[in-house]
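Look for subunit A in each of the two complexes below; its partner is subunit B in the first and subunit C in the second.
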Partner chain A sequence: MGIEARQARQPWILLSPALTAVTLLLFVPLAFIVVYSFWLRTATGADQAGFYLDNWREALGDAFYRDILLSTLRIAAITTVVCALVGYPAAYFIARSRGNKAILLLLLMLPFWISYIIRTMSWINILGVSGALNWLLQTIGFVDEPVQMLYNETTVILGLVHFLLPFMILNVYVALEGIDVSLEDAACSLGSTRWQAFREVTLPLSLPGLAAGGLLCFVLSAGTYITPLVLGGPRDAMFANLVFEAVITQLNWPLGSALSLMLLAILGSLVLIYNHFLGMGQLMKGLG
Partner chain B sequence: MDDTKRYERLRERYLNGDLDRRKFLGLIGAAGLAYGLQTPFARYAFAATEQVRFDGWGGVVSEAFRKYAFDPFTEKTGITVVDGTFGGGDEYLSRVKASQPGEYNIAHLSGVFDYARYAGLGLNSELDESKIPNLQFVIPKLTDVFRKVTDGSLSCVPYDYGTTGIAYNRKYISDEEAKEKGAKLLIDEAYKGKIGGWADWRTRIWYGSLQTDQDPNNATDMEAVWNAIRTNRDLLLKYWTSGAELMSLLAEEEIYVTEGWSGRIYALQEQGHDIGYIDPPNGFGWQECLFVIKGSPMAACEELLNFMLAPETSIAVAEGQSYPPALDPTKVNLGEKIPKLPAFDPTGTLDGLTFADPTYWNGHEQEWSKMFGRIQKGY
Partner chain C sequence: MGWQLVRGWTLLVYLFMFLPVAVVVLLSFNASQFGNFPMTGFSFRWFVELAGNDAILRAFRTSVILGALTAVISTTLGVLASLALVRYNVAGRNLISTFLIAPILVPEVVLAVALLLFLNALSINKSFLLLLMGHVIFTLPFVILVVQARLVGIRRDYEEAAISLGANPVQAFFQITLPLLAPAVFAGMLFAFTISFDDITGTLFWKPGGVETVPTQIFAMLRNSISPEINALGTVMILLTVGLPLLGMAVARRMAMQRGK
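This part shows the complex of A and B:
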């Protein structure tokens, strides 16, 4: 075998463990889910193998699923916008700070050391009727009776922002770090104000990071299941809750498979669109 | 021959020139690979006969099982009991369905309808009752219903029973009001935003039937039941999904009234919370069993079941989890605490409790669980 052929093979040899893992742990299970979506659930809860389009007809044609899907996408969009509005200034502050950058980044990573479920449930102790905020409001005489703040769409969005904000900040931070600060100074020396320099130079250059953070926040929030379960009220279910319910409560794995593939197709399309226009490189930088 | 000896022989052959370097390293590599592959699975294989997996409802119930049954059992027999938890029977059935035979062994299942579902999916085993002599102490009525489902044999032993009644905060709702309104307390506009409800389709339909004055085991006007469930939903603060959440919502006064599990409410009362509890007429009675899943190590499971049914174990667990045991009070002296537990029947006939009819409920499961899922989300 020639040296060139050996060199051409080397990347594949090095990649083979990762490719094997991805194939076995992602593509093979996904193939099972695709097959399952064409099966049927029988009255006893057992699955009937075959090629039936009933689940797909129901998933695509039933207004119930469409409405919850639209509501899920709306909540994900609001969460993403809030994360961007709150996360950008924080990322800017970290990127432009001197000396204490490492500490700020460490503080940003700290929440990841605590379970997502525990972080979500902590809001019950903060916003609950006998929670910290109600105690404070009553103590300072702002209200006489505890205010009901939990179990609505706002608390679901709050929980999602709490969970996803670090992803947004990290992505924007990485983009801002890559921008030469002297560009802003150059803009100012040419007569623009600080605000104009930020708007005309820094913001456009950091947009890929903002887009990467936005994509991550949107995809993760659209697929969430725990937050609406813990912090939502009776009408605040999201699409992943429907998948859970079909699979777990109704033992209808075929329908659950069709619903999960539907969500995957929508979120996957978004990722493909993002990749087409901006490429995955920025996303990888943020995640790294 | 042990692995060290094998390696020394191989090395000797290599040094003697019987094996070339490539072959020697290849054999070492193959041995390492084989060892690496078999080790994690061998652990399970070796452990299979020495441990039993038990899954239950978590919280105070699991604590009672661990303290009064599993630890003493392990101490006595050397068999380890690995205990897991689940939030509901549906979730657990889904996990079992996805598992390999033998992965899950014994489950603390609720209701005869769950027993029938497992049997329907072919997940039942057949117990050798001669290995469980303590079965003689169990209330016969509790065992008979299971035998009917599995043609006379048993795949479980009954273990305890309780009710899903109405729990209310006495600071806001008096005993008289609760008694007078009964199940309709859960659709009382006066408590809008302060009502809780279990996100379980059976319980919701059961209470919907009571709220529309129908037989919960034979509702004829389902539209009225769905409307009652919708009314309840619109007044709810939240559907709760676990016993821990039920206790937290009541204890923190997030809600004033909900239906609740008798044992959990008793546990709250024991903690000093002023929570009242009533079983309305035709309230939801249920029994729980210890179900052995197909593919389990039967001898070890039967030994554990017999140990758990021994009066001293059963009574200690019952006092710990606050649900009356399945032991017949006419055959076994249950002590002082158990007769005070909610839902306790001193006659051992359980005539005062209404249990779910498995044929009726399982026959409508697919349709009703789906319908409730939609109503729950605002439809």
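This part shows the complex of A and C:
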């Protein structure tokens, strides 16, 4: 074998273990549940192979599933908008600050290292009946009896915002960091105010970062399973909870496959739209 | 004036991110049985009780073993793939990158269901093996992203110089390339370990009955209500998952400085 042929083969040898793993543990299983979603779970608990549309009819047609899907998307949308509004000024401050930028960035990374379940449950200590806020309200005499502030949709959104805010800030920060500061100065020297310069120069240039952060927030909150269980009430189930119910509790795997694929189709198409307009580069920058 | 407003806002955002976690740490030292406000005193008793709780110790051992195996496998796959992507002109590199990143673009629930049902059809039931495969597949993209970023900075000239000075390719790899790669490998392993150690959603789908990792154990304990013991466990977790990467960064910096000499 010539040296050139060997050179050309080497990268594929290096890539093959990872490519094999992703193929066998992600793409083949996804293809498998596509097929599985057309099978039927019979009353005896056995699977009937074939091409039945029953699961899809149930997943797409049943008002129960539709309502929860819609409320899941609504919660994800609210979470994304709140993260953007809350996170943008903070990202701007970090990008433009001089002395303490390194420490602000390090602090921003810390939440990624703290377990999701701990960050979620930490709100019980704050908002619970015997939590910090109730204690404070009683101490200043604002209320006589502790108030139950937990276990509703608002606390689910609060938990999601708390979890996802660092993703948003980091992505916006990466975009802002890539913008030359002198552009704003130039706009000002040409007669615009600081606010105008920000609105017409910096903000548009930072939109790709905002979009990357928004995509992450939306996809991660729409797929969340734990937050509604820890911070939501019995009526606050989200779509991933339905999938868990179908697959683990009811053991109706064909239906669970159809429900999972529905979620994948919706969130996957968002990723594809994003990729079409902005490419994966921005997203990778924020994640790396 | 506007700038002061942005500064104040940022301060509030950071408080929002850290205050609840700080309260977890604070309450884990609460002497009171009910563990909440008002605090009645300072005590280590909940940490002592943790150390005597068999279920938690077992969960801890499971998490550490799972995380370590995940880190080794995922980093091996990830480093090899990153070497190919960074150092060679592979046809269709962007497509390959997207393909390898795919496990984090798919919602975790969907990945969990697909893997569970597919392996079940192959008669691989809920088991430690399934858990390990699942953790490898969703940590792999993160490892590849982190390792690639580190690899870009390592020039190929050193390896070529060694070979032109008479080393064979295997010698060149082990004596030149691998030591240069060490920080990237280290960062990849640390990252994979932390992500695996923290995971809960996929783990709940894949874990066999009776097996708990630390996050699923905390989740199960929360079913009753929040207790000072959970806060103490949270504090230990925070110390570990924040302390390890900080230590890792310090070690990496030290390694880089020694090389600089």
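The definition used in the following text is that the second predicted complex is superposed on the first by the 268 of 288 C-alpha atoms of A that agree within 3 Å, B and C clash if a C-alpha of one lies under 4 Å from a C-alpha of the other, contacts with A are read in each partner's own complex, and residues count from 1 in each chain.
Note that in this section contacts are C-beta pairs under 8 Å (C-beta built on N, C-alpha and C of every residue); 3 or more make two chains touch, one makes a residue touch a chain.
Note that this is a predicted model, so its numbers are computed, not measured.
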Inset, instruction - Report clash or fit for the pair subunit B and subunit C bound to subunit A in the combined superposed model. - result: clash
Inset, instruction - Check the residue A:Ile248 against both partner chains and state whether it touches subunit B (first), subunit C (second), both, or neither. - result: both
Legend entry - Most subunit A residues touched (candidates subunit B, subunit C): C
Legend entry - First, second, both or neither for A:Ala237, with subunit B first and subunit C second: first
Legend entry - First (subunit B), second (subunit C), both or neither touched by A:Ala187: neither
Legend entry - Partner chain in contact with A:Ala211 - subunit B first, subunit C second, else both or neither: neither
Inset, instruction - Examine A:Ile126 and indicate which partner it touches, taking first as subunit B and second as subunit C; both and neither are also allowed. - result: second
Inset, instruction - Considering only the touch criterion stated at the top, classify A:Arg41 as touching first (subunit B), second (subunit C), both, or neither. - result: first
Inset, instruction - Would you sort A:Val86 into first (subunit B), second (subunit C), both or neither based on which partner it touches? - result: second
Inset, instruction - Could you tell me if A:Trp135 is touching subunit B, subunit C, both of them or neither one (first, second, both, neither)? - result: second
Legend entry - Superposed model, subunit B segment overlapping subunit C, candidates 187-195, 241-249, 277-285 or 331-339: 241-249
Legend entry - Intersection of subunit A interface sets (partners subunit B, subunit C): 124, 128, 130, 229, 247-248, 253
Inset, instruction - Using the touch rule from the top, collect the residues of subunit B that touch subunit A in their complex. - result: 88, 90-91, 93-94, 97, 117, 120-121, 193, 201, 233, 236-239, 241, 248, 252-254, 365-366, 369-370, 373-374, 376-379
Legend entry - Touching residues (chain side subunit C, partner subunit A) in the complex: 2, 6-7, 9-10, 13-14, 16-21, 23-24, 27, 34, 36-38, 76-78, 80-81, 83-85, 87-88, 90, 94, 96-111, 113-121, 133-134, 136-137, 140, 142, 144-146, 148-149, 194, 197-198, 200-201, 204-205, 214-215, 218-219, 222, 226, 230-231, 234, 237-238, 241-242, 245
Inset, instruction - Report the residues of subunit A in contact with subunit B in the complex, numbered from low to high. - result: 41, 43-46, 64, 68, 124, 128-130, 148, 150-151, 229, 233-235, 237, 242, 245, 247-253
Legend entry - In the complex, subunit A residues that touch subunit C: 7, 10-12, 14-15, 17-19, 21-22, 25-30, 32-33, 36, 86-87, 89-90, 92-94, 104, 107, 110-111, 113-119, 121-126, 128, 130-132, 134-135, 162, 165-166, 169, 194-195, 219, 222-226, 229-230, 240, 243-244, 247-248, 253, 256-257, 260-261, 263-264, 267-268, 271, 280, 284, 287-288
